[in-house]
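In this document, chain identifiers A, B, C and D correspond to the written order of the chains, with residue numbering beginning at 1 in each.
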Amino acid sequence: MDPGPQVATRAAALGSLRRRPERLPGEARRIGYLYVAPAFILYAAFNLLPLFQGINISFYNWDGITPGTWVGLDNYTEFFTDPTILAGYTHVLILMIFYAFLPIVIGLFLAALISRIRIRGLTVFRILLFLPLVITDVVTAVAWTWVYDINGPISTALRAIGLGRLVPAQGWLGDFNTALPAVGVFGLWGGFGFCLILFLAGVMKIPASLYEAARVDGANAIREFFAVTLPGLRYELQVVLVLSVIGTLDTFDEIYVMTGGGPGTATSVPAYLVWRRLFQTGQVGSAAALGIVLMLIIFAVTWAINRAMERGNEA
Amino acid sequence: MNTTASRAQVAFNYALLTLCSIIAIYPLIGVALASLYPPGPDSAPSGFGLPPTFAWHNYVTAWEQGKFATSFTTSLIVAFVMVPASVLLSILGGYAFATMRFWGSTVLFYLFILGLIIPTEATIVPLYYDVRAMGLLDTYWALIILEVSGEVAFGIFWMRAAFLSAPPSLLEAARIDGSSSWTTLWRIMVPFAKPAILTLTVLTFADSWNEFFLALVFTVNKFTAPAGLASFSGRYTTDIALVSAGAVIVAIPILIVFIIFQREFMRGMLTGAVKG
Amino acid sequence: MVAPPARVRIALAVVAVALVGAACTPGGSVTQATAPPKPAVTGVPDTGPITLTVWDQETGQVSKIWDQLNAEFEAKYPNVTIKRVNRDFGELKSLLRLAISSPNGPDVVEANQGWPDMGALVKGGLLLPLNNYADAYGWTNRVSQNVLAVSSWSPDGKNFGTGNLYGYTTMGEIIGVYYNKQMLSDLGLELPTTLPEFEQDLEAAKQAGQVPIQFANGDAFPGIHEYAIVQDQLASTDYLTSLIFGTQRDQLSFDTPENVQAAATLQDWANKGYFTPGFGGAGYDSAVADFGKGQGLFMITGNWIVANLGASSTDFGFFLLPPQQQGGPAVSTGGAGFPLSIAAGTEHADAAAAYIDWMTSDHASDLLLNTGQIPLHTGASTAALQQGTLLADVVNATATATADNGVVPYEDWATPTFYDTMTAAIQELMANRISPEEFTTRIQSDYSDFQSSRT
Amino acid sequence: MAHVRYDAVTKRFGDVTAVRELTLEIADGEFVVLVGPSGSGKTTALRLLAGLEVLSDGEIRVGDRVVNRVAPRDRDIAMVFQDYALYPQMTVYQNLAFALKMRKMPRAEIEQRVQRAAEMLGIGELLQRKPRALSGGQRQRVALGRALVREPKAFLMDEPLSNLDAKLRVQTRSEIKHLQQQVGTTTVYVTHDQVEAMTMGDRVAVMNEGVLEQVGDTRTVYEHPTNTFVAGFIGSPAMSFATLGARRDGVEVTVSRGDLSLTLPGTAFPEGVPAEITIGVRPEHAHLWHDGSGLVGPIDGRVRFVEMLGREALLGVSTDDETRFTVFVDADSPARLGDPVRVGIEPGRTYLFDPHTTQAIGTA
């Protein structure tokens, strides 16, 4: 998961997409173009233009060195024939359970458990719980490579309580069955702290009167959660859902460091496939196509989540 | 709302939060401890006991073997050029979008918002060949330009929200007082939005320091710290102590920045997440 | 139709312009690299200070020797300074494509032969043809034809094994079986002379609770070597060589009974637990270290770990995997080591050629000899080698294989994506996730895709 | 100083017309108050003068210069905002000096002007403080100071007192008025509080839905409102209205509805008696009917509410057919909720309006 601060706040911005920006205020001044120009020139030259170039390249079969040959949509139809691409997307969907679904569920559960009392020293907990998200992904990936080592903490602990045979001979990251879930747990560890803090902050903002009203109406803890807490966290839920889903879809750092896509292609993900095809196997056209499709999926998912949350608001 | 909370509930909260915190920091503490085990493939720290001897020397060897001197310089140079540039451009752009109406400004703003959703993977392929054509491969400038062009999208969104929160009368007073848009920006709006600017600076630094994919693609000798660590851990897979030392070295700068600017990080990621 | 509002029309125009701007064929034009003329006099031209950037992937002892050779070269030509960039195998593979054409790219580079690396670079006109230098320095008559063949390409990079010379080395590699002499005698076994005998030894070691074959496939490349030498005993050398070179394009197929049987054998060994437990995740370096500490009867890998076990060691021996039947030809995978090539973009072609000549000189090969690198060039002083040592075993084994013309090139040279396809397929094969038949069909589809795409 | 002129000024926001055909002349040194309910366009009119909004059409002149196209900073006007708009990061001194620095005024003169303004406003010792360290009143004074130092052609004030508490508001009103007379700068003051308008303005301009209903000195606007809106808006508590049928009785005119009837002198109807007439009565002109001593009436009704105002009480009276009046009585009057009561109007104090055009006809 690449849930660095960049993505965290990036998704925050997306959360606001659902509200049309109110009519832009301010005086009508053409000097505005001058202020926006430097940022826009850089942004257009290195984000928008390459996007079009990428789309163009994705219609070629190109090894990156000699002139490419036009192949139309072959690079895209390859998605349904090439098993490694299909595998890449199924892996990332599985990872989404660990990177998005579980942290949110756990975060919500814990936030609900920690009732609304002012917690002194919350900042200390906030710092510690934020660390996994803030520290460089490569560092946390290296740390977890050690955690998953044959005689790292997890294996030793299991052996200590007599479950040594559970430890896969190939090592957690080397075994075909445990490699992907292992990366998943790494993402869960990275995300659950942020979710907990975000939801706690959200719960703190829910007016106390709502809780008192629910209590007066005789709501038990469960009913209170669904009647007050959950609706109160609607906005946080939407943002963290978008954040973690996008974070999962363009995962790269930990896959490169921890498993290199292995064993075999058991943990290959779209972003890793793009890198591999661009650099290792010289399938540049296909790498471009993979990137474009990944972007389209991210668009669709973000739009869907915003739309679902939007309808949720009106319901 | 402290009324009916029983002592047990408070104790339970602290217990739960402490447990979560332990889970969150255990791998980092573990790797820090592992880095003090004697080097060599068979030192295999199990992560529970303290290292037999505190092999502080690992850090020196890791620093040299992993050539972190060069990768740290790269990361620092890139950050120290990229962060101010990106923040400045974001302030200028955000200011324009917040306080001025010009034809097409809404479309332009949405174009930037689009940037938040375009993953690096979608543009990396052509970018590689463009940068190579410009002869910028393996230069600090490649990283600086690409990171700034990536950060600006979010930066402008962030600064626009910050400037919009200023009372409109402030701007109008400045217009009447005869202050040009430039003076208004630097004498009035920027001081007003200082907290938001500090947050943006901290977040931009974190993104730059943690950048890995761009470094991997665009640099060869001039690796950034994370790329240096990845290459180092790739070559010394067996020597866990040494690799762990490398990991701790790369973690230190961002850790320091986070501890110092913890409030800014929080505001950036929480209110940002909520205010949107 | 009401004209769309001005804003939309402008936006569409902008998009159209951008698309047109980006709609040219990627890759531009490629000019084939022209061979630099034959230098009047060999050696580094004394034309002021020259910096030669050299890219290599040597590790351990060999890397130290390279430093020594570089220093000696700088001493010999004071106006030259060597800037050495050392990266491991996988990293160099990806970085090379990136760096070779960038302004501060390398002058001399140690590129892997075969379609994926050298083939791609030649096709892109990024390597200089070395024929003129070969004549000037007399390289061609120092090594056998097949050593040159693996570094030869048609100028357009479409045919492998013929045409110009793009890389040169005088050192060779061979993959075989290292064995722990002490353990072999403790188990009352002799050196196997046939494949079935070898398998009996494995079973015996297994029964005795020893690790029959020390092996770790975390780094993915070792798996290819295990499979290759088993395949060498079952399939014919000519079939394998032309398959890898691609001389008969898509007439040849990987999906042959021999290849299936080789896969079945490997899977069988894995299921019988003949390999180190947990080989899937372990690192290659730790496996070599463990073997050196006496864990494991055999270890199947290349000659590059001789230095790690000690060239003059008498505790460890080396033999080629024996043929199927008694008296069959000695066949194994190997051949020329990583050759040195000259980047087309270099400004110091002559100096680079002098450097290559220096790094492949007799003096260099003598130094490299005791790291286990096998001199392929004539006149190598292997005679002075002390028999009975590990190094002697390796040199003799290579000599017999070369004599029986049984040196098969590396299989991952066969197509640009073979390395990926095979490493992943072997990992799944040895983890029992795919059957030998599925293994060969998957690799065949990669092979046939590439052959049919070769215009 | 300079006079200010609005000439048929109109401002449209999309299809909403905020100001319609506003023509208003403000003499040099005059203190004119724009008053009206919220959304009446008074603030927009002020912002048009300030240049913060662009005219849809018409002309605005400051001095004898048409300023339609002129940027706010070049109009030489100073504005005091409702939320004071003090630059939060600058000290009081910097706030005051900012506009002068923008005009590249020599430092000595800036120093001298700021000190003088600070003295006039009694904020001398606050100069080095930041706005957030000041009270509401102090901030308000600094905002005034900022306008003062500019010595502009005109002061523009947008409800500057609305954020102060009631007591401070009354005190500051007189201070602003006194200050304005001292410097003699033409001032356009916007407020929705008609008491403020009456106490501060030399002249008052009443606006409603973008239209200037009436402009005149405070007495005229109070005594002779041109229509029911101005009559109802100016004066607190507001004038009560009732629409009655009318017919001529010889030299007098009787207006009646249901069992309520009043006889008014015929002279009040120079252009003839319309079928219906709207009459307006200010509470201070209506009294309890003791013995018919010279009051027009009587009007019988019941007490609907009683509001104790300290020295006096305000009675809400409604007749059988729901015509409603408010009447001032002295505090100890016995009238209680629901009691029947008889009311009379001081002669010549009944305002007459045309029910259809709402224009004033006269008084009777």
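Throughout what follows, a contact is a pair of C-beta atoms (placed from the backbone, for glycine too) under 8 Å apart; a residue touches a chain by one contact, two chains touch by 3 or more.
All values reported here derive from a predicted model rather than from experimental measurement.
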Taking mean CA positions as centres, which chain lies farthest from chain C? D
Can you give the whole-Å distance between the Cα centres of chain C and chain D? 94
Nearest whole angstrom, what separates the Cα centre of chain A from the Cα centre of chain B? 16
Can you work out the whole-Å distance between the CA centroids of chain A and chain C? 39
For chain D, which residues are shared contacts with two or more other chains? 52
Per-residue overlap in chain B, given as positions that touch at least 2 other chains: 126, 128-129, 175, 217
What are the residues of chain A that contact at least two other chains? 27-28, 48, 53, 56-57, 64, 279, 284
If you go through all the chains, which pairs of them touch? A-B, A-C, B-C, B-D
Flag every residue of chain C that touches chain B in the complex, lowest number first. 7, 10-11, 22, 26, 85, 87-88, 90-91, 95, 98-99, 101-104, 218-219, 283, 285-286, 289
Show me the residue ranges of chain C that touch chain A in the complex, using the header's touch definition. 15, 18-19, 21-30, 93-94, 97-98, 116, 120-121, 123-124, 126, 157, 218, 220, 277-282, 416-417, 419-420, 424-425, 427-428, 431, 433, 453
In the complex, the residues of chain A that touch chain C are 48-49, 52-53, 55-57, 60-68, 70, 150, 168-176, 260, 262-265, 276, 279-285
Mind pulling up the chain D residues that touch chain B in the complex? 50-52, 71-74, 77-79, 81-85, 87-90, 98-99, 102-103, 146
List the residues on chain B that touch chain C in their complex, please. 41-42, 104, 107, 126, 128-129, 132, 135, 137-138, 217, 220-221, 231, 234-235, 237-238
